[in-house]
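Consider the two complexes below, in which chain A is the common component and chain B and chain C are the respective partners.
Up next, the complex of A and B:
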C-alpha cells in the first residue's frame, strides 16, 4: 500500500479528480472574482476596467462600514453566546443529568436540524407586533408594559437575531463539548475532588483547562459560521429595518445581484474573505499558544 | 498488492473521472414544465435558444417544414392564475393546431426574476418570452440588442393595433423613448382605496386635498381606527406617498425633472413630502410596527376592516373581488385619487398608472425561428386583449367587445383609466437598481422616525448622483 501511495501517478489518480473539482468550483471562481474587483459592469452590458475605483469607493462607503461593524458585532455576540451556552449545557448534561441526559440532549439538539427558514418563521411570529401581538408582546402587555416593535427597530432586531442564532446552534456545541467532557478520565476528577476541589473550583481548575483545545475548535467553527451568516438574516429581517441588520454577505449579494454591480460586489466579497482569513489566523495563533 | 505502475488502470480511472465530470456538466436540465403536444420536441428545446444567433438561416426554414420549435416563457405567475391562464390557454389551443410547437411555462419567484433574466441574457439563453420590469432594468437589454422591437414585429405581423396607444406611449417613456420593447399584459391605476362604510359611519368624505386627507386620518385615529395600512417591509407603499405629495406639489413630471437634474431630492418640497409621511408614521396612522408589515398583511388589514385606507394598485382587484379575502364586501370599497396640495402645480386629473410587470421577447429566440415564433405571437396576442377582458383583467390591449358582466369595481377602474388625462409613473421608475433598493429599504426607517427626512433624501440624491 505504501508503495502505491509513493507513486506520483497513483497519487495523481487519487487526488486528481477531487483537486480538479475543487479548482473548478472554488479556486477559479475566487481568482475570477478577484479579477472583477478591477472592473465594473454586468453580464449584459460588458465590463470596463476601472483600476482601483472600486476600492476607493469601498473606503468611502458608509454602508460598507456599517455592514462590517454589524458582522463584527454579530460574530462577537453570537459566537460567544453559542460556545458559552453550549459549555454550560455540556456541564449540565455531564455533572447533573448524567445518564438521564439523553432526552434533554435530543431536545436541545433539535433546533440544529430544523431548516433556518422555519426557525426564522417561528421567531418572527414570537416577536411579532402586527397584525397581532406575538407571544413576547402578549406577555409584556399582560404585565402592563408597552408592546415593542422588536423586528422594526435596528437595535432590538439585532438581539432577536442573536437570540435566534444562539438558540439554533447551542445544541451543536453542547454535544461537541459534552463529548470532550466524557473523555476526561474519571480518576483525574476523583483525585481532584479528594483534594477538595468541588463545584465551580473543579470546573475552573480541572475541567476547563482540559477542555481548552475543544473550546478553541468550537470557537473557530462558530466564528466562521457567524461571520458568513446569510440565511437567518435574510429569512428573519432581510437586512432591515433600513440597513440595520445587513451583514457583509448580504451587502455583497445586494451589490452584485440586486444592483447589478458585479465589480463592487466582488470587492466586498474580497474584503469578507480577507476578514475571515484574519479572524482564523488570530484564532489559530491564540490556539497554538494555549495548546502548546 | 499489485503494481499500478505501467498499468492501464490509473488511466482508465482518470478517463472515468473525466467522463463523469463532463457528463455532470453537460446535463444542465432546466426546471421547466412542458405542456406541448409534440412528443418529439424536447430534444430540440435545450439547445435551440443557446445556439440561436448562429443558427438563424437553417432554423428559419424549420417552421415551414414543421420541425420542432419550443416556446419558452419565464414568469413569476403560476400557469393557472390570472393573466397567465389566459396566455397559457391561448398557447395551448395554438399548439394543438401546430403540433410541431411546444409551449413551456417556467416559473421564477418574483424576487429572483430580474437577476434570472439578466443571467440568462448574459449567457445568451433568454427564453422566447419573459416577464420583466419595463423601466430602467430594460435599458441595458435594449442597448445590447437582446430584446425584440415589439413595434416593428407587431406591425409586420399586423397586430400592432391590438395595443392601446396611450399605454404604448407610457411604456416608451419608461425607456427614454428608445422604442417599444415590452407589451402591457396588464394596466394598473393606483390610488387610495377606502372603506366606504367606515367613512360613512364616521361622517367622513373623500378628501380632495392633502390637508383634508390628514384631517380624515386624524379623525379616524382619534376614534381608535387605524387610518392606513401599508407594508413597510416592501417599502414602496410608503415611497408612493412621498411621490404622491411631490407630483401634486411640483406637477406630474416631477420625477422626470429629477432624472434630468433640474430638481434635487433635497429641495424643500421633497423634504416636506418625506416629513409628512414621517409624521403620518410617528402619529401612528399606519398602526403599530409598520416596518414589519408584509404585503399580504397590509392588504388583509384593509380587507378585514381594521384599516380604513390602503394605497394600492388596481392589480389587487382580483383580491378585492374575492369574497373569501374581502370581508368588508366589494360594495364597500371605494377609490379616490391622490389629493392635491394647496398652491401646488399638480392637478387631480393625473393618475399614477403603470403596466406592472410587462412581457418582453428574446431577439435571439425570435431570429432563430422568425416564422414560427412570429406565428405563435400572432396566434396568442391577436386574441389576448379580448380574452383577458372577458376574464375580468384590465390590460393595455384594445378590447373590441367590452364584456358586460364585469364586477362593479373592475368597471369603475376601467372608467377611471379611460378618464385619466395624464399618467404619472411611480417614485423609483427612473432610478437605477441601487437607488431603488435604497429608497425602498429606508422607507420603513423614515416612517418609524429612525431616519430624518433630510437624511433619507440626501442618501437618495447621493445614490442618484453616483
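Up next, the complex of A and C:
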C-alpha cells in the first residue's frame, strides 16, 4: 500500500504534465518578462540592452501616470460599487426575501456569466447617440431633454464604463455575501434581537462585524479584477476619447503590440503586477488589524 | 430569526401594520426595478436582434419589433463569419476543458493522496500563479509562440488556457480530494489494482460532481476570453467568438444594427442556456473559486 503511494514514477506521471505546462507557459514567462524590462525591441526586430532606461522613461511618461490614475480611480469606484451594492442585495435576499429569494438571486447573478464583449456591445448601443439614438438618449428625448454623447466625453464615458462593470459583477458579490449571511448562526441573531437590536442596528452591530472577513476577501477579489480590467474598456470605449479611459492594461497592450516596444510594455506590466500585489497586501494588513 | 419576526408582527398595532404595508409595496417596487435593470438589457438585445432595418430608422429604439426578421441572423452567421467564430470557439474550448480537468485532477491526486517529499512546495508553486495578471506573461508568450510558429494556431490558445486554469483548479481539487475515504483506495490497491487503475476507477468517479462544476466554471472563462485570442490570433479564419464579435461590431456596428444585435445574441445565447439550465452549479462553481482564491 505505502509502496504504491510512494511510487516516484507514478508521482511524476501524475504531476509532471501539469507542472511542465505550468512552468513553460506561466513560470518561465514571468521571469522572461522581468528580463524584458532591461531591453528594448520586439520579437521581430530583435532586442538591445538598455539598463534601467525603461524605468526612467516610465517615471517621466505622462501617459503612464494617466493610465495609473485611471486604473486607481476605476478600481476605487467600481470595487466599492460592486461590493456595496452586492452587500445591499445580499441583505435584501437574506432578511427581506428570505427563502423566496431564489428566483431573484438567479436573475441578479446572470450578467456575471455573459461575455464582456457582448455586454459592452449592448451598452454601447444603450448609450449610443449616432447614427441612431440608444435607449438612454431616446428616453431623455422623450422627457424633452437634450441627448448626450455618453461615450464621446471622458467623464461620461468613465461613468458608463463604471456602471457597466458594476452591473456585470454586483450579482456575483451579492451571492458570495449572501452565502456568508446564511452561515451566521440563527441563535446569535435571535439573542441580539431579544436584547433589543433590530433592523439596521442589528445589521450594523451584529451582522456586519461577522461579515468583515468575507467583505475583505470580496474587496480584494474585486480590486484585483478591476485593476486588470481590459475587455470592457477595449470593447466599449477602446480607451478613448483620447486617452481618457485607458487603464494600465490597455496602455501596456498598446505599447507592446502597436508600438512594438516589448521592453517598455513589460515594464508597465510589471508595475501592474506589483500594484495588484500591493493592493492585496494592504487589504490583508487592514483586515488583520480590523479583526484583532 | 423567522420566529421572532413573526412574533413581533403578531403584536403590532394597526398603525404600524399599515406602515408595514407601505414599506412592503415600496420594497416590491424596488425589487421590480432591480429585476428590470438586471434583465432588460438582455431582453432588449433579443428583441432588437429580430427587427427589420427600417424599424431602426423609423421607430424609437425601445419600440417592440414588428415581427421576426430572421435575415439578421442569417447575415451575421454567413456574411459576418459568425459560423467560423463559433466553430473555432468550440474547437478551443472543449480540448482546453478536457486537459484542464485531466491535468489538475491528476496533479491534485499526486499532491493530496500520494506520499512524496516536496508536494507541499509544489502546491505552493501552483498557488503562486493565481495572482499573476495575464499581461505579465503576454509578451514572452507572444515571443515563444512566434518562434515555435504557434501564432495563428488554436493550439497556442489551448495551451495558454490550460496553464492559466491550472493554479486555481489544482488547488480546488486538492480540497475536493481531502474528504475522499482512503479505505476505498486502499482496498482497491490490496485487491491488486495499480495506482493508475485506482485513480481512474476509484478516485475520478468520486470527484465527478466537482469535475462538472470546475468544467462549467472554466467554460465561462474560456468562452468569454478576449485578450488571449486577440493577441495570438490575427487571421479571420481562426478567430474565436469574442474577437470575432469585436471585429464584427467594429465593421458593421455603426451601420447595421440588426445583424449586429444578432451577432451579439449568438455569443450570448449558449452561455445563457447553460446558465439557466444549471444555474445553481454555475453559481457554486464561480463563487467557490473566488472565496478560496
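Convention: the second predicted complex is superposed on the first by the 270 of 292 C-alpha atoms of A that agree within 3 Å, B and C clash if a C-alpha of one lies under 4 Å from a C-alpha of the other, contacts with A are read in each partner's own complex, and residues count from 1 in each chain.
Here, a residue touches a chain if its C-beta (ideal position, glycine included) is under 8 Å from a C-beta of that chain, and two chains touch if they have at least 3 such contacts.
Quantities reported herein were computed from a predicted structural model and do not represent experimental measurements.
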Contacts of A:38 with chain B and chain C, given as first, second, both or neither: neither
Chain B versus chain C as contact partner of A:257, first or second or both or neither: both
Which of chain B and chain C A:158 touches, first, second, both or neither: neither
Partner, of chain C and chain B, that touches more residues belonging to chain A: C
First (chain B), second (chain C), both or neither touched by A:17: both
Which of chain B and chain C A:55 touches, first, second, both or neither: neither
Chain B versus chain C as contact partner of A:7, first or second or both or neither: both
Touching partner for A:147 - first (chain B), second (chain C), both, neither: first
Contacts of A:125 with chain B and chain C, given as first, second, both or neither: second
Residues of chain A at both interfaces, chain B in one complex, chain C in the other: 1, 4, 7, 10, 13, 17, 21, 43-44, 124, 131, 257
Residues of chain C defined as touching chain A within the complex: 1-4, 27, 31, 34-35, 37-39, 41-42, 44-45, 48, 56-57, 60-62, 103-104, 106-107, 109-111, 113-116, 122, 125-126, 129, 131-144, 146-147, 159-160, 162-164, 166-167, 170, 186, 189-190, 194-196, 198-199, 220, 223-224, 226-227, 230-231, 241-242, 245-246, 249, 253-255, 257, 260-261, 264, 267-268, 271-272, 274-276, 279, 282-283, 286-287, 290-291, 293
Chain B-touching residues of chain A, taken from the complex the two chains share: 1, 3-4, 7, 9-10, 12-13, 16-17, 20-21, 42-45, 124, 128-131, 147, 149, 151-154, 238-244, 254, 257-261
Residue numbers on chain A that touch chain C, as the complex places them: 1-2, 4-8, 10-11, 13-15, 17-19, 21-22, 24-30, 32-33, 36, 43-44, 89, 92, 96-98, 104-119, 121-126, 131-135, 138-139, 142, 167, 171-172, 175-176, 179, 186, 189-190, 193-194, 214, 217-218, 221, 224, 227-228, 230-231, 234-235, 249, 252-253, 256-257, 262, 265-266, 268-270, 272-273, 276-277, 280
In the complex with chain A, residue positions of chain B that touch it: 1, 3-5, 10, 13-14, 17, 21, 114-115, 118-119, 121-123, 140-141, 143-144, 146, 232-233, 287-293, 297, 300-301, 306, 432-434, 437, 441-442, 444-445, 448, 450-451
